[in-house]
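Here come two complexes built around chain A, the first alongside chain B, the second alongside chain C.
The block that comes next holds the complex of A and B.
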């Protein structure tokens, strides 16, 4: 059942339009990630759902009931922020209890509910501490507990892992889905970290320039990005982008890095257009010796990451390419500054229109 | 370029009316000519104090610093033959970005055509060509950082010191700028020391990494050495993403072999590994570590344990799977997607060659890899 529904929301301030025609729905127990670079209106969107801002046009419904003009307290929305926003003079217990206090929950029940959520988030041993005595991780858990304690129908998380260290961020990334599932709330999760978005989201709304540019399941955003800009936001290292032209002679082909690569005839409708080919670093094959269809490149730097390495390659005309290869494979190349050969499978290319940046998908008739 | 030596260097701050703080404790480093070295650690570990002592912004309390065999730690900064890109080491406000970058070359009386060419090249490398004619006050913090970096790199000084050189970059530019920076440093054989708190940056750029904690040098080695043979638990868990899995473990002789039991939260055995006999570690209280990428998931044949899947995240080019084995939560990473949902059970194997053992009390490494299985 749909718990949260946004329809055609637009919002502007004196400085201009911030959000335009945003529609999305979140079911109970589902996590929708709103992902995008800073300044795209993510926080404004959350504030409208919470009732801090009101939309210029469009509607917001929670559990089928229109709350577009309702006051924040009437909505049943819980919220946690990246800067934690704890009350500094309250203990952890009082911070967590504050939404229950506001609803005049009986003391015995309040104590029980705070205790339960604190145990679940492993902060029951610091309930008497003031925020300044907590680590960043504990502050962030306290903020989460406060957002969850009143069992909200809708939970808004505004980049909650931004200010905790890398190790803790990773642990929470694993722990959060299980925790959130037990509450069965409709969750909107805002982040700028694409790995977090892919790990946590059942769906991802990619927000750019105030619009939802793509709405898709995590794997699909990566595999079939709708535009060059979305393709660049997902993936580390960033996708390689190379200009090319699509020609059709019976079947199709693109000329890329001085090599002709066959592509499906289903692209025929885009023949003659200037395109940009996107090639993910993990799809670039690098060898020490020549092979059919391989292109000579200079390997100029080797950068290890975990059990893989990123290779920095420069082509015959100075074209730059990043490739991701296995650690053992990379060991052969030493510190770089040598000749290598590069190949790729044409089927791995993502093609985009150079003018609009939109993806050209194969069209089968 | 030149060799840089830190010889048992210490730094003690003596704030008035407070206890002295020893920020750096007898650290010795030998940076070879043309080598790229990272000083890696979390905030307060002493890495920035070290860089500032090399630059001459801080006095050395004890020990010596030599560049090209010459003691420099008592010289004023300008006489040390070092180029610096420091946070807060400000740009000259009345000069354009272009002039800021070329300033040092101008002072060295370089030919202006040559300076112009080098400024253009370094600006292209760091993607700041479009702001060359702006003033420092009107560009973003990230652009200021890159301008400062350009101003240091263009000099190709005997030693270059870079403080968190890439911390403000947008993620889409990070990999390519790291790549170009590393290429430039290698091409010009520049002896470079840079400070970072980001282990991925240290591993990507450095020939060798000095891992610091509480003012002490924990380990100095190549990225491969540090990943494969961390000297202690701190280094092991600081390096790697996701972090190394670490469990309590009990060791007992079993016939002419050794049995290693990974222990769950209440001390009960969660899984058991059989290794070749190892007298030295028998009976010791240890911690067992294994990197997520080296765990074999869904392995056919001899599994060491059955993992119950908690989460399974496909990130486009790798899967991160968290599973539970006897109360221990374990993270594994694979290159291929694995079709398992929460609650499914998967066979899991801990290859002995990937198992690290650490002393439970001191954290010191006892073994890296147990046999070749």
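The block that comes next holds the complex of A and C.
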């Protein structure tokens, strides 16, 4: 059952077009993450669903009912704002209760429902406090409770973890999917953190320049990004991008970093074009000793990041390359500045058209 | 270090005392004058020690001014009542008109919006005499001369721009997201205006109302031209103390004390709102 359906939404402001031809549908109980760099219109999209902005063209339907022109109070959606937007002159209890109060819930039931959601989000001990007395985490939970309390069919979350500390963000990433599933709402979750997108989404819509550039399951966006830009947005450290050319002499091969790397014949249709090869840092194998197919590199620096370390490498012609290795392995390299050898499996390469940035997918005839 | 801060404290104290004396001494002197008769006031050198008299206040309250040249009826209490009525009604009307208008100017961009807002503000630039001549002609035509309604209408020139511009700033400081959140919760725009916008802008509305009240209270020229004795406020009524037999300094002082009291009390009461500052930290950053 589709709970939320956007059809061909476009929106422009005086400064120019913000969103173009956005179509999206979310089923009940499904979490769709709208991911994109800042300024791509993610928040505008949410606000149009909430009824704060109206689309120039296109339609919005909630539960099969067209709400394109409905006012915000008539839509029955729940929304948590990035800046929390709590009512400063209301207590935490009154903040959470406001959607129930608008639905004229009897006082006893209202109290019970607010209590239940507050317990679920572990803020039942601060219900009497004013918003200014809450920590950021508690404010964020209050905003979430307010969005959830009336059990809306559509739940809009505008980067709700942006303004909370790292520990809480991590906890909430684990906790949110479970919590959201119990409410069986159609959830749209906006973020610009790819890890959050991958952790929470059933589907990810990558929004760039006002369009949905890719719509896929989280793993697929990472493994098979549709373009160089999407590949660059997904992944930390960012993907290595190297210019190359595809040649076909019997079997296919690309010349990369001065070496020939064989690639599948399924790429044959892109022969002769200028390409960009993408190589994820975790697919770069770095060794201390030479091997026949290894390319000599200078190791410039080693940066430990939690369990993995990032290696900064410089190739024979000054090509820059990032690689990640495990912590114990990284220890062998010390703090860097030495000669190392680099290998990669050609099958790990992602190929993109240099001009359009679009992915060159292997074509099986 | 400690010595410097002690010295600093002394200098600061002296400077503050100087400023306070400069501003408060005239008020203190007026208060003293209001308990003296004309002879005591005019003696040279002036003295802080005298036998206080309530004659001035009595004269004001009973409305009979006894001078060496004879008795004179004055309508001071009536003037005071007029001032109270005119200022209160003007401010209430201005709030009723100005607060929704301020909200509209703060939240919605509409054609000629800025021009209208600026035109309203420009009423404060124009010297009152500029509009008085045409106004008095209009008022005669409309039979508004010497009516409370006419004066309250003209007082909007003073109160409305003030309230509009001060309150607009406060509305602009409220994050629109707070109002959006309330709308999305399921409340209509009118309820959102009453329950969210007005309470959050309350310090601004209180400050603007108070200022408008004081400006209206202190106005002199509109009432002088457009109203007769029975409708005139204290500012115009005080002219009655300049009599044929001399200037009644004692009564003038008592009249000033009485006419300052309402605005002073109002300021003391509203001070609470003025400092409250409702930036309650509900919105981050």
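Here is the rule we go by: the second predicted complex is superposed on the first by the 365 of 365 C-alpha atoms of A that agree within 3 Å, B and C clash if a C-alpha of one lies under 4 Å from a C-alpha of the other, contacts with A are read in each partner's own complex, and residues count from 1 in each chain.
Keep in mind that, in the parts below, a contact is a pair of C-beta atoms (placed from the backbone, for glycine too) under 8 Å apart; a residue touches a chain by one contact, two chains touch by 3 or more.
Just so we're clear, the structure is a prediction, and the values are computed from it rather than from any experiment.
Superposition model on chain A: chain B and chain C are shown accommodated side by side without a clash.
By the document's definition of touching, of the two partners only chain C reaches A:89; chain B does not. In the overlay built on the shared chain, the residue A:211 is in contact with neither chain B nor chain C. Of the two partner chains placed by the overlay, only chain C lies in contact with A:50; chain B stays clear of it.
Chain centres taken from Cα atoms put the angle at chain A, between chain B and chain C, at 80 degrees to the nearest 10.
By the touch criterion stated above, A:322 is placed in contact with chain B alone, chain C being left untouched.
In the superposition on chain A, A:150 makes contact with chain C only, not with chain B.
With both structures placed on the common chain, the touch criterion links A:300 to chain B but leaves chain C unconnected. In the overlay built on the shared chain, the residue A:170 is in contact with chain B alone; chain C does not reach it. Ranking chain B and chain C by residues of chain A touched puts B first.
For the pair chain B and chain C, the minimum alpha-carbon spacing after aligning on chain A is 10 Å. By the touch criterion stated above, chain A contacts chain C in their complex at residues 47, 50-52, 71-73, 75-79, 81, 83-89, 98-99, 102-103, 130-132, 136, 139, 146, 150, 163.
Within the complex formed with chain B, the residues of chain A that make contact are 37, 165-167, 170, 173-174, 177-178, 194-195, 198-200, 218-219, 222-223, 232-238, 280-282, 300-301, 303-307, 310, 312, 320, 322, 324, 335-337. On the side of chain C, the complex with chain A involves touching residues 175, 177-178, 180-189, 196, 199-200, 278-285. Those residues of chain B that touch chain A in the shared complex are 42, 170-176, 178-180, 182-183, 186-187, 200, 203-205, 207, 223-224, 237, 240-243, 291, 293-294, 310-311, 313-317, 320, 322, 329, 331, 333, 337, 342.
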